[in-house]
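Given below, in the form of structure tokens, are the structures.
In the two complexes that follow, chain A is the common piece, with chain B as its partner first and chain C second.
Moving on, here comes the complex of A and B:
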């Protein structure tokens, strides 16, 4: 009897070794992923910081510079121009994405029969690659073989083909349209998930109280979607700030370097001019800016609602 | 009383009529939008089936006069042939899927079911990669891969992609293991199951939806990735599809052949769309589990 209720020394030791063995087992299970991340992520990240303090050519010896790369960064006019351009792009592309994504989410959230097919179709551009979709749009927008110019000419809306991608403002417009097409489905799905999380009773109660559809939208749905908007906004803004593929492929940064984004400028310094140390410093600078942006957005859209 | 009843009937039928009109408008809007969303893809695929001369016609023609695969034949004449580039893209994608699934499943199981020192810290470290964009570590990754002679190699590119996929994969798999009831394990433990047998014989079946989700994301992100492939794959024979197409477009192979380019775009985007249509449920679960919950 006593042996059952109070474990013997041997049994206690066995239990101790059992939990220790589980501890070791758990550690071994996560070890491969941890080692992988340390070697391929943590180490390169630390190395970015280390490289940013050096003049680091592709071949030959690196020389220590201290903070000189950062001094150069502050004085680099193209860096500031590219940051400003990236900001302009983000400010232009975000509102249409969110307005359209919200309207699409409302549409596919309705109880219409077969609405799932529409949701699938609006989402399809999200699953194709950004590089590939940029190539596709280069062709659609081409002044000779592009269908957009063909249609506009046939409709008589333009007399001459528009050369979309060689003028800064036209190129920006065209790229914004292509990116909205490519990414709006993603924000739509996030907003849809947020809408479906709002309890039906809230709507029904409001309906009983005589609130119209638009009133329910404005006073119930939108405030409750705040945290969803915050998340979707952070993801979308960070994505825009890291833009590269569409500008590399559609405008090649031109005309006269006017459409060089921040990542594009890092890419040019590291892999065209092979100033790897300076490229690393620019990367750290961009990281700092992105971190600041996320904190700022989350603070502005902080949500204390519970339901 | 009669009149009162009548007026209600009239009112309710008016409401019904209005509702039906509303539905019709919604349907029309939905269909028009669907056509706009599908048009670029449809147009590219259609053009890839025109004759090469018609695909490059100025101004562009609308419907093709003949349907032919000649553009695909011409696409095959670039570099080492399209089969090689499909092999490159598919090979890297499959290696990425394999590596991501194995590492994420092991780590997800470990984080979900075991307590060990610093487990929370290690989990946070793995997730940190979600918050730090990979673009900022590409320069040292390039040097690292060159140093270990894995630049310009398909497994090397896959290693880089696995790194980018791991945070999402581990997070997804830990959540998937978390919702498996512990009673199942207790029963298996009583049957004398070891920890490893528990994972391979009992748990793997139960977490299959999570594994498929992780695999779908790993495949699509690897197949579609552009910047890292552009930096790491500098030899033509090792290009992935997006890099090959960019070279076709930039006139690397002479005048731009628009028909062949559309054939290449079709080859590149068709697998993504088919995969998505078949595994849509798992893809959406990834968005909900990975984004909304986090």
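Moving on, here comes the complex of A and C:
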């Protein structure tokens, strides 16, 4: 104690080295994360930016173009059409995910015995790869061997098998249903975690004051879930804006190229037309748009509540 | 700098593809090749997964009998171009590679392949090699690859259904009219039996099975040198009208419209489809897995007769920067030799890549294989350095033309639009 309150010169020097050592240790602790971020995000991002300034074929030499790719992007009607389609898809798929996720979270947020089994069941589709699940749905929707047509035919609701994926509206319905099934578990878990963070005393106090179940839900739970909602919403909207697998596998952008999402168009430019430079420019464009959207969402749903 | 960027491009591409395609074990393409194995060298060899069983048995046979060893890396077909592009950009290409023949012009145009003109022309059987493969491997008068694996499209038909419909199973259709006629008669057999099938949402499938109808009729989709679109040729509209009519008559199952290729090989094996365009791969599959289906093979015809085929498969080429071009060519020479073509191709129900071996003792037992081999020999392949964008793109002009013509019945509009879009893409190259 005395040594600390009246440090000698030598001790001060030792403390100096101690704080230096702590800094080094701290740096070493975050180093893996920093390296990972640099290698997996910052570096590829810079490279993508660099590539976007070039005419960059898959085979052969790249040539510098300046901002010409970006000029082309602004004039690329298919890109904006795809972006608009992706927006429509996001608006279509987000509400069902959230309503269902919220209801499921309410259901599984109880202390019943064996509730873990239900949480697991609802979460399982999240674990399946999106490519795999899309392929699964292709077969579920098949007109000859698909189970949906089988059930509808057996019920007598339809006379002929429905060809789900040749009509834009039917195809969109099928994709939205498959994606809700696939991702609702994830939003459910996020909301569940948010619900469990709400202190019990608040409910108890409300109950003492005579608040009904619905009042507690509406006036306590929902407002306190605001920040969780914001997080889940941002993640879900970003996920929807990056939609690719389900459209690539289930509709191939069809019928008549009506379901080409933004990422699908980037993929086509990069890996069908082999214009990697232009694909990179589109990626940067999409990144900027998504960044803006996320900032907007977080701002709207900003939450300063403290318990 | 660019080198590093290309590696990253490749990695990013792989990540993206890995996310969208069904996961496939990552190929170990980065092993250092060139370690001498018992005196010889080790040649790295890349191939796509579509025909890996055949390639593996071939390479095993080579390794067992030669000092130079071949180390094979199998890459999923959908990732092949990206992976090779990345490796070439990184300055570490394989010593030898098999690549879908349609991509060879693009590789050659980008200076990525070793010129093997003299070695190839030195082969005594050079003029017997699959003409389509050789044509596509020729760029600027030089030869950059040789046929490695052959596939020819033809019309497969269900003999049982032909018989039930009162058609002669030994006398399959030889004109467009006879196809439509037979399809209608088979359709009349029952609610769930259809006369004809094609994958209506699969671009590549229709290059393989629909384009030959045009060629057999004397038309074409591109000029000989691949620089001019020729879709306004009346044969194109004629062949589209055939499909369109069959669709309108309801002899094609409604599900065909949505088939992105997943059902390309399966529809016929249900036993409820009268006819479909397919490839040699189907013969082995049906014989092994669906022995109850009695099927025949015949050429894809023109309007009033004639025959053609899409000659597909892989070419084998030596990338520029290969460490062992000489040794690699020795393998190519061995693989195309008569003995290997018979013992490791024909005997295993694979088409030989030489037209002089289409008739052989193994195929003599199954005339359908001979038909496929002969189809390959008379087959054609569009020559283009933007093949992918023209014909393989699921959102491209080729498939759009077929869909507009067949499902919407607007043949003329479909042809004119496709001609315009083809011209635009070809001008951009």
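One rule holds for everything that comes next: the second predicted complex is superposed on the first by the 266 of 307 C-alpha atoms of A that agree within 3 Å, B and C clash if a C-alpha of one lies under 4 Å from a C-alpha of the other, contacts with A are read in each partner's own complex, and residues count from 1 in each chain.
As a convention for this text, a residue touches a chain if its C-beta (ideal position, glycine included) is under 8 Å from a C-beta of that chain, and two chains touch if they have at least 3 such contacts.
Since this is a predicted model, take the numbers as computed values, not measurements.
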Clash-or-fit label for the pair chain B, chain C on chain A: clash
Partner chain(s) touched by A:124 [first = chain B, second = chain C, both, neither]: first
Contacts of A:44 with chain B and chain C, given as first, second, both or neither: both
Partner chain in contact with A:214 - chain B first, chain C second, else both or neither: neither
Which superposed partner A:157 touches (first chain B, second chain C, both, neither): neither
First, second, both or neither for A:235, with chain B first and chain C second: first
First (chain B), second (chain C), both or neither touched by A:22: first
Which superposed partner A:268 touches (first chain B, second chain C, both, neither): second
Touch count on chain A, higher of chain B and chain C: B
Which superposed partner A:140 touches (first chain B, second chain C, both, neither): first
Partner chain(s) touched by A:284 [first = chain B, second = chain C, both, neither]: first
Superposition clash, chain C versus chain B, among 7-15, 133-141 or 367-375: 7-15
Chain A residues contacted in one complex by chain B, in the other by chain C: 43-44, 47-48, 51, 129-132, 135, 138-139, 142, 144, 244-245, 248-249, 267, 270-271, 276
Complex contacts: residues of chain C adjacent to chain A: 2, 4-5, 8-9, 11-13, 16-17, 19-23, 81-82, 85, 88, 106-107, 109-112, 201, 253-255, 257-258, 260, 262-263, 270, 386, 388-389, 392-396, 400, 403-404, 407
Complex interface listing, chain A residues touching chain C: 43-44, 47-48, 50-51, 56-60, 62, 129-132, 135, 138-139, 142-144, 160-161, 163-166, 244-245, 248-249, 251-257, 260, 267-268, 270-274, 276
Touching residues (chain side chain B, partner chain A) in the complex: 23, 26-27, 29-30, 33-34, 37-38, 40-41, 43-44, 55-60, 102-104, 106-107, 109-111, 113-117, 119, 122, 125-126, 129, 131-133, 135-144, 159-160, 162-163, 166, 170, 195, 199, 220, 223-227, 230-231, 241-242, 245-246, 249, 258, 261-262, 265, 268-269, 272-273, 275-277, 280, 283-284, 287-288, 291-292
Chain A - residues contacting chain B, complex: 22-30, 32-34, 36-37, 40-45, 47-48, 51, 104, 107, 110, 112, 115, 117-118, 120-125, 127-133, 135-140, 142, 144-147, 149-150, 153, 181, 186, 189-190, 193-194, 228, 231, 235, 238, 242, 244-245, 248-249, 263, 266-267, 270-271, 276, 279-280, 283-284, 286-287, 290, 294
